[in-house]
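In what comes next, subunit A is part of two complexes: it sits with subunit B in the first one and with subunit C in the second one.
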Partner chain A sequence: MCFKNLPIEFDAQGNASLKPGVANPYSYVETPAPTPIEDDPERMRELFARNGAVRRVDFDPVTRVAGALAFHTVVDLENRQVMETASMATLFRGYEIILKGRDPRDAIFISSRACGVCGGVHATCSALACEMAFGIKPPPMGVVARNLLLSTEYLYDHPIHLSLLAGPDFSEAAVRETNPEIWERARNTRTRGAAVHGYELMSDLMTDLTPLTGKLYLEGLYYTRLAREAYVLIGGKYPHPQTVVPGGVSTTIDASDLNEIMLRVVKYFDYGRKTAAIWDDLAEFFYEVNPKYRDIGTRPANMIEPGQWDDPYAYDGTYANADAWGRERWAPPGVLVDGELRTTSLKMLNAGVEEFVEHAFYEEWTGNGDEFYRHKTDPSGNPLSPWHPWNKETIPKPEATSWKEKYSWSTAPRWDRMAMETGAYSRIWVAAQTGPQAFRDSPYIESTGHSVKIHLPKAELPNTEIEWKVPETWGAFERNRARAYCILYTAAIAYDNLQLAYDLLKKGGPDARMSTPYEMPQDHRIGVGLWGAGRGYLTHHLEMDNGVLENYQILTPSTWMASPKDPFGNPGPYEEAVLATPLLENYEKPEDFKGIDVLRAIRSFDPCMPCTTHMHMDGRTVSREIISCACGADEVHEHH
Partner chain B sequence: MRVLVCGVGYRFLRDNALGVHITDTLAPQASNGVEFEDLGYHPVGFTQNLEERPAYDRIVFVGAVNRGRIPGTITTYKYDHVLPDIKEINERVGDSVTGSISLDNLIVVSEAFKALPEDVWVVEIEPGDETWGEGFSDPVQAKLPEIMDTVWNLTRL
Partner chain C sequence: MSKLKLQTVPNAGGVFGAGVEGVGGLGGSPTGPLNIVHVFWIAGMSCDGCSIAATGATNPSVEDLLLGRIPNLPKVVLHHPVLSPGAGTEFIAPFRRAVDGTLGAPYVVVLEGSVPDDQAFPTEYGYFSGMGVGGFDPDHDTEQPIRVSDWLWRLAPGAAAYVAIGTCATWGGVPAAAGNITGSMSLTDFLGRDYRSALGVPVVNVPGCSPVGDNFTETVAAVLLFLANLAPVPKFDELGRPAWLFEETVHRHCPKAGYYEEGVFSEEPGDNQCLVEIGCWGPVVQCNIVERGAINHMGGCMVAGGACIGCTMPGFPDKFSPFYKAPPGSALSGGVSKVTGGAIRRLRRMSMQSGNSEPQWDKAGEVPSGWAGAGGGHGAVGRANAYFYKKLQYRGSVNYAKRNKQQPLPQSRNILGQGANLQPGAGVGDTFEHRETI
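Moving on, here comes the complex of A and B:
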């Protein structure tokens, strides 16, 4: 059964329709959110009187990324548990409003600015939405060029997360500060992957994760550079590419360009093997130290993944054939519920999405499932909810923060009314479960039904097969481990597409063209771009008429995962994962608490913004304002 | 002599877009070793780009920074290359690589990775409105000619 909670049923041929005889089938009765501790004076007095062991801890980064994040918790330091969580996106981006009334092609360049890191995939997703609306498709070389752009983008993104964001949480400095007993044990523990990564002792590995000076940190920086060098050979610029257009890519590539990209991509063969071995060692070491580390950031393995990297001969840009071309992707689409594949249909993935605003600073636009809404079905006749992105209206309504009512600028996206997470790991997990019969033919990637095997040529390290297996438990360490394996997975896809590009160049003719000419339609059209970012799910839904956008909706990975509670009483993924996180940090007094386990849990999702050390504890502020002047200044001149 | 003028900020966040507006406007006048660049991307990438280029004799950063001054206040200073502690540098690198674009981050991260020349100037304007949308607030709009002149004068060594 695809849906359990939405009012959709299927006939014997698999066609979806609304369950008959239900008035306002998508309407619901809201489940009130639990009363926050701070709103219950009696409970608060009782809890906060316990020797200061129960306290409010807020993690507040004040950054300006694709929705800046602040995180509110109430922790019980005596019982080492988190009692209450609330995830707040603190910034309204407004791109949906900025884009109204513009030429749809402007969205490619404007939406790219939604993020200073992954602008390339926003541009691509926007181009895909335009293609569907315009009724065009790129020539095969245009698709391959796009695949190369996005694979190099992810080869940039994954090392960033592992080396610069998550890695420091497991570095010598962090572990010594928060769990000195673990550091002592690391000094006497031999690694398993020394033959691959070269570290004999866990402590040596942790030392090199140290920010700014550690070899692994600096190596991660180097690999972000290498990938961007490859990207700009086609994209012109990064992170805001200049060549992504509807119908392909507006540049030419020759064998010399491909050689330059190849020279860089092959370097990720060894780096990917090494990084996988490092994160294997980190996970297994911490699990051995204390099996409760498996529970850091744990939640049900409910995931959504739109897939990416199109087959150049299968992708036709149409919604009608979306299921077929989606399943031919190197990373196929899928929805996982409790770790099991619920669907691999892009149309069902799309039809199951809703965005709720009960706890977000927006006005509800439907009248709770009012039967009069624009798109009752998708272009193939599958039912759509009034809360679906094609029906969504962005109506900002800022107001005071209330943990019980509204507290975030993020909506609460849900699939089949369940909170979903998404990331590089959902990509490889869906690929693993797709199975050998359904997974596309690739000489380098094999899906077994429970794992992904990656075979790549020898570089400096031997060409040993690397296998990522669906984990038995799900939490922060497994997210990081899976992301590490995705470096090699992505490198294999880049390598596969490079060979396709060489073949197309050699063959020449129409297939080797980079883009398709088109005329802008002036009639009413809709389109959707479904292409996951390095950090997970990304969709752009558009509606246009008279050559301009009437509605444009962007749904990002962080919107899914940083989401507030939904009207059914379910927390968002960050909220749920932190609530389940045991506090394993070594502290004697509440004042010593650093919150490392909470931060490891949040960071494992690869949020678009780091939760670094922006932390407020009761009245004690240990955060920093990003806008404070760090620049020394002499010869200051001020003009009022 | 080579001079690089960097416009820092987010397009579509009103006054925050001032830096890139300045470099967009002055870019057609680029010549004789004076370059203008939209720095609407992250500082680590900028640092790596600088390492690949011939050294600049001077870099000028321009952008809107909220420091609680009167909106429209222009502040010009020569950077003294003093860095915050390593913990804060690391936090700023983390902010940077996750997409945060800010003038302070850019300068701190570039300096931490030793990418900047000795001669660095910063031209800031106090924003009046950094909410989403286009067009500047009145106080910033009124100061556009002055800040443009300030930046242009700094391109002359």
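Moving on, here comes the complex of A and C:
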């Protein structure tokens, strides 16, 4: 059963339709958010009697994440529990109106500017949405070039997170400051992976994770650059590439470019082996010190993954065949609920998505599902919610922050009305569960049904088979570990595609062209680009008419995960994970509390906020006057 | 009666302790030589792409600046929301000291992203871009986020210099494009014409979307080298751009510019010629990415086949879009180039053909290369061309080739033909004799 909460049923052939006989099938009754502790006088008196054991701790900003994220908590430092959380995206740029009425191809460049960490994948996703709307597909070489762009992008992206953002929380300096007893233990603990990463003692490994001075930190920085050097050979520049076009890329690729890329990609074989061994050691060491470290950042394994890296011969840019070409991807799509695959259909993944704004600085636009909305179904006839991105309208309204009402510029996306996480780990997890029959043929990657095995040629280190297994428990350490394995997974895909590119060069002919010619359609069209970013789920939904954009909606990984509470009473993934996090930090007095376990939990999701909040475009609102409305000086709303 | 509030903790997020130097700690003294500079990096209406570009810089790299690896340069202490170890209260503390004037060392503010006009409404109506919590009034603790625009004006008077990185901060960029509902503007627009830093300098602008990382780090180094009495005064143009980086058009150094000159243009994305007809604005855009490369001298837009969309310019994006349409001026200049360039290309091809032939191949009338069907020698037309070409080439000078006219041709050793019988030195005597007599 694909959906449990949405009013969708399936016939014997598997066709989806709305359950019959329900008026306003998508409408709901809002469950109010719990009263914030500080707004509850009785509770406050009770807490005050506890002499400062309960504190408000605001992490504003949460640093070492990309973009503007703030996180509010109330913590019980006596019982080492988190009592209240609120995740806040603190930036709104209003790209929606900026994109209105522009040439859809301009969205490739403008939407790239939504995110400077993973702008390349935004440009690509936008090109995919254009292709669906224009009815075109790239020649095989265009798809392979795109795969090379997006694999080298992730080879930069994973090290930046592991070394520069998350890694420092496990470094000597941080561990000595927050848990000196663990540092002492690390000095007497031998590692398991010394043969691969070269560190005999845990403490040596942790010393080298230290920001700026640590060898692993600096090595990570180097590897973020090396992959970008490969990227810019095709993309021109990074983070905002200059060569992504509908129907392929505008790059001319010759053997020299491929050689230059290949010589860089193969360096990630050993770096990937080493990084996997390091994060294996870190997870196992902390679990051994205290099994409760498994619960840092834990939540149910509910994940959404659109997949990426298209098969150059299967991808045809159509919505009609999206399920088929989706399943041929090197990272196949899927939705996991409690660690089990609910669907591998891109259309069902798309049909289950809704965005809610009860706790975000936007106004609700549908009248709770009972009004007319534009797209009752997708192009294949599957039902869509009024809160689906193709139906979304954005009416921003800045206001004071209130934990009970509105506190974030992020919406609350849900799939089948559940909060989902997404990332490198959902990618490798879905790939693992796809199984040997369904997973595409690849010389380097094998899906067993419960693990992913990667075998790459030897470099300096031997070609030992590396296996990532679906973990027994789910939390911050496992997120980081899975991401570390994804360096190798990504390198394998880059290498696979390099060989396809060499083959196409040898073959020549129309398949080796970089892009496909097309005419701009002038009639009404819709399209969607589904292609996960380095840190997970990404879709661009567009609607165009008369050759210009009428609606453009971007839904990003961190919108899913940094989301505030939804109308069904569920917290967003960061909020849920931090609520479940035990405070294992070593402090004697409440004043000494720093919050490292909270920060480890948040950072394990690889938050990337720039594109979380502001890529909702809609043709029907004009909102420069929201400023004056907000002032109260002008009560006239001119929403068209 | 005022509402009861929970206590907070003083060092939230300080997982590295308070004394960490380098990224995000404190240090330095107000007197004595300039041995330490704090850099407060603030992100406004930004995508963080400038931060990412800066981490890609290699000459100098960010770590070169932060670790004090460059002799005679003050050490840079960076407070950066993406890179700093500490979070929350701990991260914000030095910002507060800079505002209070109690930092104890000079500081520079770097802004990435444009500035929203949220100063236009009171704080209780929210914000567009926030950083930090608690406000600036010690007597009134608040849980409302502080607006980035508040930090920007409070830090302005005390800053030794104010640097805008990237096109959003320098010129407003995409957030300030048509349809801008947040009132986004550039730092220069926000601070106004009369703004001068504590050292008397207007806002320094390093544009690009995203900028070349090295353009930023090199500008920082150039300023610091000047302050250390080593390098000359860095020159900035009338818009505050580093003149040595932005005075040339990107077309002048473009590897495809030669195609323009010869009148050959790409018709479809993926073609290898000049990109003007698929929308390149390079001839009128001030940028250095094709000579410097995007990262570590690799890539660059047109180097990889990407048409320039003017992302370093104050008019970006609106004055350069729709991006996939040829710039209007290109119809004229491109048309002229096709006519004159076509003739130039043909003449050049002749010269190139001559340059591709050893003088002795010309004499022998054949090219002894195993590689190609290169015929060698010239037909009648080729010989006539070569005759007049040489006339022109050597007019008023010496034709060295003529002096060797009588020199005998060195003989091919014809290795495969002779096989194991190849005798070093065999047959050399005759040739040498001749040479001596010349």
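Going forward, the second predicted complex is superposed on the first by the 599 of 640 C-alpha atoms of A that agree within 3 Å, B and C clash if a C-alpha of one lies under 4 Å from a C-alpha of the other, contacts with A are read in each partner's own complex, and residues count from 1 in each chain.
Keep in mind that, in the parts below, a residue touches a chain if its C-beta (ideal position, glycine included) is under 8 Å from a C-beta of that chain, and two chains touch if they have at least 3 such contacts.
As the structure is a computational prediction, the values presented were derived from the model and not from experiment.
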Checklist entry - Now for A:Tyr199: first (subunit B), second (subunit C), both, or neither, which partner does it touch? => result neither
Item to check | subunit B versus subunit C as contact partner of A:Ile110, first or second or both or neither | outcome: both
Checklist entry - Between subunit B (first) and subunit C (second), which, if any, makes contact with A:Thr224: first, second, both or neither? => result both
Next on the checklist: Just to be sure I read the superposition right, which of the two partners does A:Trp468 touch: subunit B = first, subunit C = second, or both, or neither?
Outcome noted: neither
Item to check | Residue contacts with subunit A in the superposition, subunit B compared against subunit C | outcome: C
Item to check | Partner chain in contact with A:Ile98 - subunit B first, subunit C second, else both or neither | outcome: both
Item to check | Which of subunit B and subunit C A:Pro607 touches, first, second, both or neither | outcome: first
Checklist entry - Residue overlap on subunit A between the subunit B contact set and the subunit C contact set? => result 61, 63-66, 92-95, 97-98, 110, 113, 115-117, 119, 160, 164-165, 168, 211-212, 221, 224-225, 228, 238-240, 610, 624, 626-627, 630-632
Item to check | Complex contact set, residues of subunit B against subunit A | outcome: 10-13, 40-42, 44-45, 48, 65-67, 69-70, 72-84, 86-102, 104-105, 107-108, 112, 122, 131-134, 143, 146
Checklist entry - Okay, in this complex, where on subunit A does subunit B touch? => result 61, 63-66, 92-95, 97-98, 110, 113, 115-119, 160, 164-165, 168, 211-212, 221, 224-225, 228, 238-240, 607-610, 612-614, 624, 626-640
Checklist entry - Which residues of subunit C touch subunit A in their complex? => result 3-17, 20, 22-24, 43, 45-53, 55-56, 58, 61, 63, 66-67, 80-92, 116-118, 120-134, 143-145, 173-175, 177-184, 209-210, 212, 268-272, 275, 278, 289, 293-296, 298-309, 311, 317, 321-325
Checklist entry - Where on subunit A is subunit C touching in the complex? => result 37-38, 41, 44-45, 47-48, 52, 54-68, 70, 72, 74, 88, 90-95, 97-103, 105-106, 109-110, 113-117, 119, 142, 160, 164-165, 168-169, 173-174, 177-178, 211-213, 218, 221, 224-225, 228-229, 231-243, 245, 247-252, 260, 361, 396, 398-401, 513-515, 517, 590-596, 599, 610-611, 622-624, 626-627, 630-632
